[in-house]
Amino acid sequence: MSRIDGRTPDQLRPVSIERGWSKHAEGSVLVSFGDTRVLCTASFTEGVPRWRKGSGEGWVTAEYAMLPRATNTRGDRESVRGKIGGRTHEISRLIGRSLRAVVDTRALGENTVVLDCDVLQADGGTRTAAITGAYVALADAVRWAQGKKLVKAGRVPLRDTVSAVSVGIVDSVPYLDLRYEEDVRAETDMNVVRTGDGRFVEVQGTAEAAPFDRAELDALLDLASAGCADLAALQREALEG
Amino acid sequence: MSRIDGRTPDQLRPVSIERGWSKHAEGSVLVSFGDTRVLCTASFTEGVPRWRKGSGEGWVTAEYAMLPRATNTRGDRESVRGKIGGRTHEISRLIGRSLRAVVDTRALGENTVVLDCDVLQADGGTRTAAITGAYVALADAVRWAQGKKLVKAGRVPLRDTVSAVSVGIVDSVPYLDLRYEEDVRAETDMNVVRTGDGRFVEVQGTAEAAPFDRAELDALLDLASAGCADLAALQREALEG
Amino acid sequence: MSRIDGRTPDQLRPVSIERGWSKHAEGSVLVSFGDTRVLCTASFTEGVPRWRKGSGEGWVTAEYAMLPRATNTRGDRESVRGKIGGRTHEISRLIGRSLRAVVDTRALGENTVVLDCDVLQADGGTRTAAITGAYVALADAVRWAQGKKLVKAGRVPLRDTVSAVSVGIVDSVPYLDLRYEEDVRAETDMNVVRTGDGRFVEVQGTAEAAPFDRAELDALLDLASAGCADLAALQREALEG
Amino acid sequence: MSRIDGRTPDQLRPVSIERGWSKHAEGSVLVSFGDTRVLCTASFTEGVPRWRKGSGEGWVTAEYAMLPRATNTRGDRESVRGKIGGRTHEISRLIGRSLRAVVDTRALGENTVVLDCDVLQADGGTRTAAITGAYVALADAVRWAQGKKLVKAGRVPLRDTVSAVSVGIVDSVPYLDLRYEEDVRAETDMNVVRTGDGRFVEVQGTAEAAPFDRAELDALLDLASAGCADLAALQREALEG
Amino acid sequence: MSRIDGRTPDQLRPVSIERGWSKHAEGSVLVSFGDTRVLCTASFTEGVPRWRKGSGEGWVTAEYAMLPRATNTRGDRESVRGKIGGRTHEISRLIGRSLRAVVDTRALGENTVVLDCDVLQADGGTRTAAITGAYVALADAVRWAQGKKLVKAGRVPLRDTVSAVSVGIVDSVPYLDLRYEEDVRAETDMNVVRTGDGRFVEVQGTAEAAPFDRAELDALLDLASAGCADLAALQREALEG
Amino acid sequence: MSRIDGRTPDQLRPVSIERGWSKHAEGSVLVSFGDTRVLCTASFTEGVPRWRKGSGEGWVTAEYAMLPRATNTRGDRESVRGKIGGRTHEISRLIGRSLRAVVDTRALGENTVVLDCDVLQADGGTRTAAITGAYVALADAVRWAQGKKLVKAGRVPLRDTVSAVSVGIVDSVPYLDLRYEEDVRAETDMNVVRTGDGRFVEVQGTAEAAPFDRAELDALLDLASAGCADLAALQREALEG
C-alpha cells in the first residue's frame, strides 16, 4: 500500500526550512513540505494597534495568500476581485491564533509582529507549512528585537515552539502530510497544530466524503502528534543552524 | 461548582425549534439555545449554479450573518463596511459543509437549497444553533419539494440528521453548550458537528488561553457527543410535531 | 369592492407592537403590519460622531435592511454583493429623517441613538412599519437613558410621536396600508409620515403607472392622515402597556 | 420681503436650456437654473438589458453625479471612495422614474436610453434642473432614433413632457426654486415633478426643521404647479428653437 | 498629405483656455484642444495631509475622470463599478507629477491644492489638455491664496509654467496633437510634458503597432517641444488676459 | 565617483534568469537584478476573452504585484485594502503592452497567456526586471504550447525578444540600472523597453526632482540602449541554456 511518492502512511515529505530568505524582513523563512513552498516573513514594528495601546501587551497577527499560479490552474488575484475569499480569511485567522498560542504578549511588550505567509507553490498542506515556517520567522524576528533591545532583557516572548501538519483518511488508511492529490481523494481531512511540549493548539477535522467515527479520529490524532513532534525537532535544528 | 444559569456542566440550555416561522421560505425555523436565537430559512430553487449544470447533482450552501444589535454592543453592518468579515465567512462555510455531509446531492437532483442563518440575538453558540436549526429547515424544504414532485419519487436526499454543539474548558472543567460569558472565559473551546448515527462531521478545537492535552480533548469529545445526541432527538421530535 | 384580505379601503391591517424583544438593545420592538414583520432596535451610546463633537447636540440615525428570504424570492445579501443598493439607502435615510423630526437633539445631549430596522418578513409597507416601530424603540431607549441619568433631568428629547403609513390608488380606488399584492398593482403609491399632533414630516408620492391629479393626491393625503392617527394611538397604547 | 437675488417668492431663476452641447451623445443639454448647471446627455442604444429581452418594450434609466468641485467645498469622488452615496442613489432613481412616467416603452421598442446628469456647478435644485434638462435630451435622442428608423414609424415614445422644480418654506414664506442658501434655511422643502398636462409624477416633501401642516403643503403644491408649467413652456420652446 | 481636419503635421488644434468657469473653485478653467474639452478646477485648502504635517511644505495632487458620455460610446461610471480603472489612475498620477514639477512646495507653505480634471468631451489628447488647463487653474488658485495672504508674501510657489501635448507617428508621418481618429491609427504615440523654459518633465512614448527607432523618437521630441512652447505662450496670454 | 555597490555608471547589477522555477506554470522564471527578485509565471490557456472570440487572434496580458514585505517597510496588501493602487495598475499595464509589442497575436491563435510578475524582494527596477523575466517565461510557455500543438505548426508567435532597464540621473551623472537607494536620490528617472533588434517599445522618463534637458535625455537613452542589449543577450543565453 504505497503512496504516490513512495512514502509510508506515517512519513512526512522532505521538509526544508531556509532562514534569512529576505533581506528586508526581521525574520524570513522559505519553508518547503515537498513541493509546497511558502515564503514566511515576520515584520516587527514598535507599537501596537490602537485598541491595544497602553495595555503593556504586544500583538501578533498573520496574513496568508497564494500567488495566482501557485496552483495547477491559475486563480484570480484577490486584489483584482476586490475582496478576500472565505478560505484565505479562515487560514489567515488560523495561523494568527496558532502563533499567538505560544506568544507571551506581555513579555513581547507593546510591539507588533505581522507574519506574511505567501504560497509560492502549492501541493497540499499550505496552511500547515505556513504555521511551521512562520514560527521560525517569528523566532528570528524576536531575536532581532532582543538584539535591538526592543524587548526587555530577561523577557521570553515565546513560551514554546509550534508546528502543524495535515492528516487524512485516504481509501480507509490514515495518512500523514497529504499531497494535493491525496487531499482531493481524502474521505476525512484534519489539520493539527501542536506545541513543542506536545499539547494541542488547534484540531480541525472535516468529513469531506464521509463522517468519521471516534476510532478514526483517534488514529488521525496519533499520526498528527508524531508528525508535529518531528516538525518541532526540525524547527529547533533550523534555529540552531 | 454551579454554572451562571444553574446548569450542570453536561446540561444543554433550554432548546426550542419553531418550524414554519416565515410564510415565504420553503423551510423556516426559529431556533433557540437559551437566549441565542437564530432564524434559519431554506430557499429551494430548481436548477444549480453554472459549474454544476448537467451533473445530475444538486447543491446546498449556507450564509450566516448577525443583526447589528444581536450582541451586547452594536456591530457595524457588513453591507455598510462593503465586505464580509473573516468570522462570517468561516461560519458560513462551516454550516454549508456540515449540511452537505448528510445530503445525497444525486438524490436531490439538479436543485439548489440556500440556507440563511441570521442571528437575531446572540448569547454564545450561534454557529451550533444555526447548524441544528438549519437542518430542520432543510428537511422541511426537502419535504416541500417532494410534495411538489421536484425531487424524484423514491429518492432520499437526506441520509441522516446533523446537529452541533459547543463545548469548552472553563476553570479546568469541561462544560457543554457555552453561554457567551462562559465562552469568553474558556481556556479551550470546541465546536462539534455530528450525524444522527453518532459520527463526526466537524471537530474544531481551539486553545483560547492554554494548549490542551489529549485527556482534555477526549473529555470534550465525550461531552459534545452526548449533547449532539440530545439535539438530534429534539430535531426528530420537532419534525414529527 | 372588497380587498384581498377583506379590509375596507380605509382600514389598517392588524398591527402589533411587541416591546422588549431583544435582551441586549436599549430599546427593541418587533412590529407587525399584517404579515410584514420588522425588528427595530435602538442602540444608545454616549458620545456623538466626530463632526458633531462639542455641539451639545445628540445624533439619531437609522439603518434599514431585509433578510434575504424576507420576500417571496430570495434576494442576494448586500454584504455579499459588497454594496448597499439604492432602495436600501433611500429607506434608511427616510427613517432617519422621520425620527429626527421629533427629536430635540439639544435635549438629548451628546448621545447617539442608532435605529436598526431589519425586515424579517415582508408583505408591503416595510418602511412605514419600520418608522412606526422604530419610534417606540427610540422612546424606550430614551427612557432607559433617563433612568441611567445619561440625559439631563427635566429635558424632553422627544417632542412628539411619529408614525407612517402607505397609501395608493388601486383600480382607481384609494387604499390605506397596501399589502405587497396591492402595491404591485397600484397606479400611484404614497408614503406619509406624520407626527402625533397631525403635521406632516414626509410626503412621498410616486406615479407608478399613471400620473395623478390634485384630487387624487388630496384623497390619498386624507386617507394617510387618518391611518397615521390610528397608528399614533397604538404607539401610545404600547408605550403605556 | 425680497429674496437674496431680488426674486419674488413665486419667481423662477433665469433658466437656459442649451441643446446639442456634446458632439457624441444622441441628445445633450446644458441646463441652467441660475448658477446651477447640469450637463444632461441621452445615450440611445439598440437592445435592452437581459431581464427585458423579448418583451417588446424599451428601457430608460438615469445616473446623476456631481463633479467634486461643483459645490462650495470639494467633495470626495464616489469613484475614489469606491461606492455611491445614498443621496446620489436616491436622485438617480428619482430622475429615472420621472422620465419613465412619460415614456411609452412599447412605442420605444427594444431600445435603451441612459440619461447621464452631471452637475458641473451646484446652487440648489440640481435634481429638478436635471429632470427638466434630461427630458429635452431624451426628446432629442428619440428624434435622432426616429431619423435613423430605430423607432417604428407612427410610434410616439414620449406621451408628454415632464419638468420639475423645488419649493420650500423659508421664514414661513413659501418660495419657488430655492437657491442653495435658501435651501439650507428652509423649514420644509419639496420637490415636485409634473407632466406637461399638469398631473403629478412625484411629490417629495420633507420637514427639514419643523413638520408642516396641510395648508402649507397646499401652498407649496400650488407654487410648484405654476413653476412646472413655466418650465414645460421653456422646454417646448427649446425643442422648437 | 493633409490631416482629417486639414491641419499640417506640426499644427495644434484651435486651443481655448477659459478662466473662471466655476464660481466655487479658487481656480477654474475650461480648456479645449479642438473638440476635446476638459473642466479643470483647483481647490485650495489650508493644511496638508497627515503624513506631511509639520514639514513646512504644501501638497499638490490631481484627479482625472471622464464623464460617461464624453466619448463616442457611453462608458460605465467608475463610481458605479466601485473602482477606478488603470487608465484613470495612470493619468491622474501623471497630471499630479507634472504640476508638482513646477511647484515650490516650501513656498506654497502647508497648503493643499487638488486639481480636478473632468473630461466633458473627448477627442484625443485629454491628458495633455488637462495638464495644460490645470496649470492655469493652479496659477489662479495660487493668486487667490496670495490675495488672501494664505501664502507668505514674497514667496513664489510656481517656479515655471508647464504644458503638455501628444505626438505620434501616423502612416509613417510624425503628427502633433492627435485627434481621436489619428490616435487610433498611430503606430507610435507619445505624450510630452515641458516647462516654460523648455525642459522635459515627462516623456512617455509607446509603440502601439510597431517599435520605433531613435530617429523617429527624435522627430517626435522635436515636434512636441515646439507644440509645448506654443501652448506655454497661450497659457501666459490667458493668465494676462 | 563610484556607486554604492562599486559599479561603474554604465554597469548592470548581476542578473540571473532561473527558468522552470514553478512546477505548475507553462513557463516560469525567477529573475534577479541584484537584490531585486521577481517570480514571473506564464499561464497558457486555450481560448480568449469574450471580446476577442472569433478574431483568430490570441491575447497576452500581465499582472504585477509586490509581496507585502518585499520592501523595507511592510505595505498593506491590496487584497485587504480591497483595491489595486495606481502604481500597480500602471506597471501591470506597462508589462502587458511591452510583451504584446513582440507578440504576433495571429500566429498565437485564439490562446491566452497571462503573465504574473510577483516581486518577492524589491531593490529598485522591479518593473524592468519583471519585463525582462516575463519575456523568458512567455517564450517557455509558447514552446510548451508548440510542443502540445496548441499553436499551429510553422507559426512564430514571438517576433523578437524584449527587455527593459531603468536609468536615471543621480548627482548629475547618468546611471544604469538603479538600486532603490539610487532611485530615491535620482533627479530624473527613466524606464526603457527595447526589442532585441534595438528599437524602442516604451520610453518613460520622469523628472523627479528637476526637469531635464535634451542632452540629458539623450545620454539616458544611450545608456539604456546598451543595457537593454546586454539583457537581450542574457535572455537568449538563458533560453538556450
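Each chain carries a letter (A, B, C, D, E and F) given by its place in the written order, and its residues are counted from 1.
Keep this in mind: contacts are C-beta pairs under 8 Å (C-beta built on N, C-alpha and C of every residue); 3 or more make two chains touch, one makes a residue touch a chain.
Not measured: the values here are computed from a predicted model.
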item	value
If a chain touches subunit B and subunit E alike, it appears here	none
Shared interface partners, meaning chains that touch subunit B and subunit C	none
Separation of mean Cα positions, subunit D and subunit B [Å, integer]	50
CA centroid of subunit C to CA centroid of subunit D, Å	28
Geometric centre distance via CA averages, subunit F-subunit C, whole Å	59
Interface hub residues of subunit B, defined as touching at least two other chains	82-84
Ordered ring members, subunit B first, subunit C second	B, C, D, E, F, A
Parts of subunit F lying in touch with subunit E, wherever the complex brings them together	83-87, 89-90, 92-93, 97, 101, 190, 194-195, 197-207, 211-214, 217, 221, 225
Partner subunit B, residues of subunit C touching it in the complex	22-25, 28, 35, 39, 41, 43, 45, 63, 65, 67-72, 74, 77-80, 82-84, 88, 114, 116, 118, 120-123
